[in-house]
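Going in written order, the chains are labelled A, B, C and D, and every chain counts its residues from 1.
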Amino acid sequence: MKLQEYQAKRLFAQYGIPIPQGNIAITPEDARAVAKELGGRVVIKSQVLVGGRGKAGGIKLAQDPDEAEIVAGKILGMDIKGLIVRKVLVDRAIDIQKEIYLGAVVDRAARRVSLMASSEGGIDIEEVAARTPEKILRVQIDPAVGLQDYQTRQLFFGMGLDPAYIRNFGAIAQGLYKCFVASDASLAEINPLVITGDQKMIAADGKIDLDDNALFRHPDLAAIRDSDEETDSERLAREAGLSYVKLDGEIGCMVNGAGLAMATMDIIKFFGGSPANFLDIGGGAQAEKVAAALRIILSDPNVKAVLFNIFGGITRCDEVARGILTALADVKTSVPMVARLVGTNEEEGRQILASAHMLTALTLSEAAQKAVKAAAGEMVA
Amino acid sequence: MSILVNKNTRLLVQGITGREGEFHTKQMVAYGTRVVAGMTPGKKGLEVAGVPVFNTVREAVKETGANTSIIYVPARAAPDAILEAADAEIPLIICITEGIAVQDMINVCAVLDWVGVRLIGPNCPGLTTPGETKVGIMPAQIHAVGPVGLVSRSGTLTYEVVWAMTQQGLGQTTCVGIGGDPVNGTSFIDCLRMFEQDPKTEVVVLIGEIGGVDEEKSAQFIKDKMSKPVVAFIAGQTAPPGKRMGHAGAIISGGTGTAAEKIKAFNAVGVPVANTPEEIPGLLELVMRGK
Amino acid sequence: MKLQEYQAKRLFAQYGIPIPQGNIAITPEDARAVAKELGGRVVIKSQVLVGGRGKAGGIKLAQDPDEAEIVAGKILGMDIKGLIVRKVLVDRAIDIQKEIYLGAVVDRAARRVSLMASSEGGIDIEEVAARTPEKILRVQIDPAVGLQDYQTRQLFFGMGLDPAYIRNFGAIAQGLYKCFVASDASLAEINPLVITGDQKMIAADGKIDLDDNALFRHPDLAAIRDSDEETDSERLAREAGLSYVKLDGEIGCMVNGAGLAMATMDIIKFFGGSPANFLDIGGGAQAEKVAAALRIILSDPNVKAVLFNIFGGITRCDEVARGILTALADVKTSVPMVARLVGTNEEEGRQILASAHMLTALTLSEAAQKAVKAAAGEMVA
Amino acid sequence: MSILVNKNTRLLVQGITGREGEFHTKQMVAYGTRVVAGMTPGKKGLEVAGVPVFNTVREAVKETGANTSIIYVPARAAPDAILEAADAEIPLIICITEGIAVQDMINVCAVLDWVGVRLIGPNCPGLTTPGETKVGIMPAQIHAVGPVGLVSRSGTLTYEVVWAMTQQGLGQTTCVGIGGDPVNGTSFIDCLRMFEQDPKTEVVVLIGEIGGVDEEKSAQFIKDKMSKPVVAFIAGQTAPPGKRMGHAGAIISGGTGTAAEKIKAFNAVGVPVANTPEEIPGLLELVMRGK
């Protein structure tokens, strides 16, 4: 689960990390009111969970409340990479002297949390990593003792900053690590961390991704999920316990197992088609869950064919077949479907589907090829 | 021969009285696995599929000589279960459980490294040495005895590949599912090293997916340390960045972890990468002939 | 720093450990009021930092408020092993079915925190350890992961308790460990942990020793120090940064270094004397601190001789000598003194003390023998 | 020969610009110790007694090849300082600092054990190999070169014993103060093992005190593993139970840690225990003659 910028920054503030004064606005009038209360120049920032908001025109300065209202009016309702802006953050503008980067991530290879810092802040850290990897400094944190001050000093001196800021930086780095651990984050970034004209350090932007597997420990964080950011399909899938990712293609897929689901998408592509989604029904899915999955697939108007690829182990093919029929009983559709069911109870599954007059296949390649042809409107048997 | 598990494996099932634990215990017993003990706190004295249940792992080990443990407990209890097995000095632990918080795994791995215990998983299908033992949830009938070692981050995709091999007459020494989580106990390289040393394994199949850099590191290891041929498959070529593809570990983030990079790394060291799972048996025959 | 029982139990309660309802009373009337509010039978417990309160008559039951007032009246003001009872804890009486022991300690050999449990609760755990060591179960806690549930289960099943209590016990054990770590304790004990007639578990008594070296992290705990428990000399020593322990003997000692201070006491004993105190002035002590130390020593009416044993390294003998003279300028005393100063600036030190007409010695044995004789009223030179 | 430190010791001083750090740096340089670097964050470019100061330990090690570090920083900063030295792969760290919280030391020791770094202390006077190097705060003039290895939990009591030996013509190979805290880096046994292996050391003096069971374990070790004679002294025979005698570790609690038990343990394995520090040289001559 990803937090919006304003949510991330409010969480940072709880761990002693300085953030700009500001507030959320959902109308231009709100934005004027916030700007008036703050006084002086403000920055108006679209709250959407996507990178490149600035380049897309979703972040703008305003000199006074009047301009704040006008600017907010332009940003609210914008479409940024497919997401509609429904909230803006109105922050007091900062006098930026220098921008650095500070982030905490799970370092998979080291199996530890790493803290990363770079004197090249304010821009996409991936660009820095690609262009000047030596400008990204990194320390790995031993879980037995947590982040040590010497590690924050290694980052600090490595960036070559003015020693006057060493305490500020150390406190912010410790706050970020504590925030990361306490909220079970998988990513927590301050980019940029700004050194201001009046000699302070402040988190001008924030990003936090939470570990979904640990949300049970954080009901307070789970409760602030921003449902604006989910499509209806994504919400339905989440509620049904399905792993679902919408894509731009035409062939809907329903598969048991994440690796096999990815492989199925890849094979559709390999045979010239394009997958409409990733969908993993998980292990041992019951008919009801399968039906929910099919309804979600069919609700995508781009879908021109559906491919069922089930390799039954714990999952029973007959149960999947029953779920498919359940969904087809409510949703009338003319979309062609290809079923490839192998493994546990495959015979029973095929018999159940016989009534639905579906295309069938024995191998994954055969199934993918049939689905690609069907989506292209070609007759297949 | 084989790696990690064989007919001498004496298995303890943690969470044996749960729905999954009971179901798979029966399956494993039916396959011929020597399941010697089960453990569920407070359920001492029960039996599941003829297997005695104990209150603690220490007690189970003491009474039965279990030397391997498999864990079927819910995600919130799994870190504790892993550490209990390690504390009882079980040298090999397989954790099937999906959905363990990543910071819990960071802490658990720090302890396991310290005490020198091997963990397979979590979020994995376990492992099978065909004809000897099945320790996990893989369907039994897809396997056959033969010269191929297999290691994979996936579950059903593994079954697909194993089944395709078995149908082509290519049996397996051991099939290992290392799991789809970002932080786990055993890496591809750990398994490649063991397969390289296993006399019966002639060729290795590696099934990777997007996320992390374990495949890239494996390519380097194959180049530097392996004499046996390897064939690879990478799932997720069509996956978009920033989206978690089911597995917690299957995510392209920060510009790394793409399938293209992984395929490139394998190609660069002469490891053929299959386009579809069904191509794998053919590639295997090719590299085995080329030896 | 040791906490009183009521302080320890209140701290336990913050970590979810059930404790009896109760409150503190400093007068018999208070005790009546508390007992009335609680209703039913109560137990009245002297709050002094010493073991064996029960045997000494410092813990009594009372059936009603009237009796509570009478009993409290007897206990308040009692002298228990030299400590005057100034507070009693009035707790609702518990229906005890079984008593167990649960404690967290620093396991020095393992360099870890250990949790110990025994089905033999309610009595001195040292007795259990001596008589039936197999009845004390113990788990060591890895700081990287903390106390694990399997460890609490090992203790629980090891004690052979009814499985119905497994959750209660697990929660209490986790609470105790968290309390131990969060408050930087060196010892935290619940003895007894009671299983009640109504199937609950409750901490009937509590003991916490805090690590003085970590008190800087716990101003809240440092603030509840019970000054009733300190003698004036102990308080003065603590405030002056001196390590001081009062003993029952006649020869006051002032030494630099804890090991040497203990050895000095031992040698006094070896030569037939008895030390009046342990006193370590630490390394590099200034004259002022030395003077404070001597004033504390001389305030003990039992002291019949004083031995200064200084092995100068960082500590300068001249500085010590100056401190001694400073103290002797205010405190007029006829107590004989023996000075043995060696090491850094020993000559200067001896010259400064020449005016004070003290006994001197070159070796520790010589110094100790002279002090013993002087304390016995023998003339020495 | 000697143990742990010698003329090849290249010393880094952490906290070199502090009052104590500066004072003892000068003393050590005067003794002939090769102090190659100092470290105080933000003080890079300064010099103390001709020794260059760096911002981080890594930088100091890289620039000067320091292979040992001594720490003179306040108690709250000391755990971090120890871990910084370990992270920079300095294999031997001496921590003089007194008053470190015991739970901090538990955590630090867990990391040090994992990375395999040796810590002497904390709350210790350091160590001296007479004629070669002094790493700590022991007074220089009390030492002489000779055949006695000394290990102690105490500071000034050690000086007393060393001085008594030196006056009797008994010099030392190395004198090690392991410190008076309940949880520390190096035990008596660690040092006994090294003295046993050191060709120059002919006899060992062990100075213990009340608290813990390190002395009892040492007695067992001496019986099982040592060929060289050992003489002991135990401080605190007159200490009352439950009271901390200065050192955080010097406390009789839970009925263990008494001087009587420790003396009994040594006597039981034939290790003579001196009644006074001044008896030690005589006992040494006795056991050396008896060899």
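The rule we apply is simple: a residue touches a chain if its C-beta (ideal position, glycine included) is under 8 Å from a C-beta of that chain, and two chains touch if they have at least 3 such contacts.
What you are looking at is a predicted structure, and each value in this text was computed from that prediction instead of being measured.
Trainee: Among the remaining chains, which ones contact both chain B and chain D?
Mentor: Chains touching both chain B and chain D: A, C.
Trainee: By the contact definition above, name the pair with the higher C-beta contact count: B-C or C-D.
Mentor: When C-D is set beside B-C, the one with more contacts is C-D.
Trainee: Mind checking the centre-to-centre distance between chain A and chain D? Centres are C-alpha means, answer in whole Å.
Mentor: One centre to the other, that is 54 Å.
Trainee: List the centre-to-centre spacing of chain A and chain B in whole Å, with centres computed as mean CA coordinates.
Mentor: Result: the chain centres lie 28 Å from each other.
Trainee: Two or more other chains touching the same residue: where does that happen in chain C?
Mentor: 142-145
Trainee: Touching two or more other chains, which residues of chain B qualify?
Mentor: Chain B, residues with two or more chain partners: 107, 110, 114.
Trainee: Which stretch or stretches of chain B touch chain C in the complex?
Mentor: 41-42, 55-59, 77, 79-81, 83-84, 87, 107-108, 110-111, 114
Trainee: Would you pull the chain B residues touching chain A in the complex into a rising list?
Mentor: By the definition above, chain B touches chain A via 23, 75-76, 99-107, 109-110, 125, 137-139, 142, 152-160, 163, 180, 182-183, 207, 209-214, 217, 233, 235-240, 243-250, 253-255, 259, 275-278.
Trainee: Which residues of chain A touch chain C once you look at their complex with the stated criterion?
Mentor: 142-145
Trainee: What does chain A use to touch chain B in their complex?
Mentor: 105-106, 108-109, 111-113, 125-126, 129-130, 142-144, 181, 184, 186-187, 211-214, 216-217, 243, 245, 247, 255-263, 265-270, 274-275, 278, 280, 283, 311-315, 342-344, 363-365
Trainee: Please name which positions on chain A make contact with chain D in the complex.
Mentor: Contacts found on chain A: 142, 144-145, 148-151, 153-154, 157, 163, 166.
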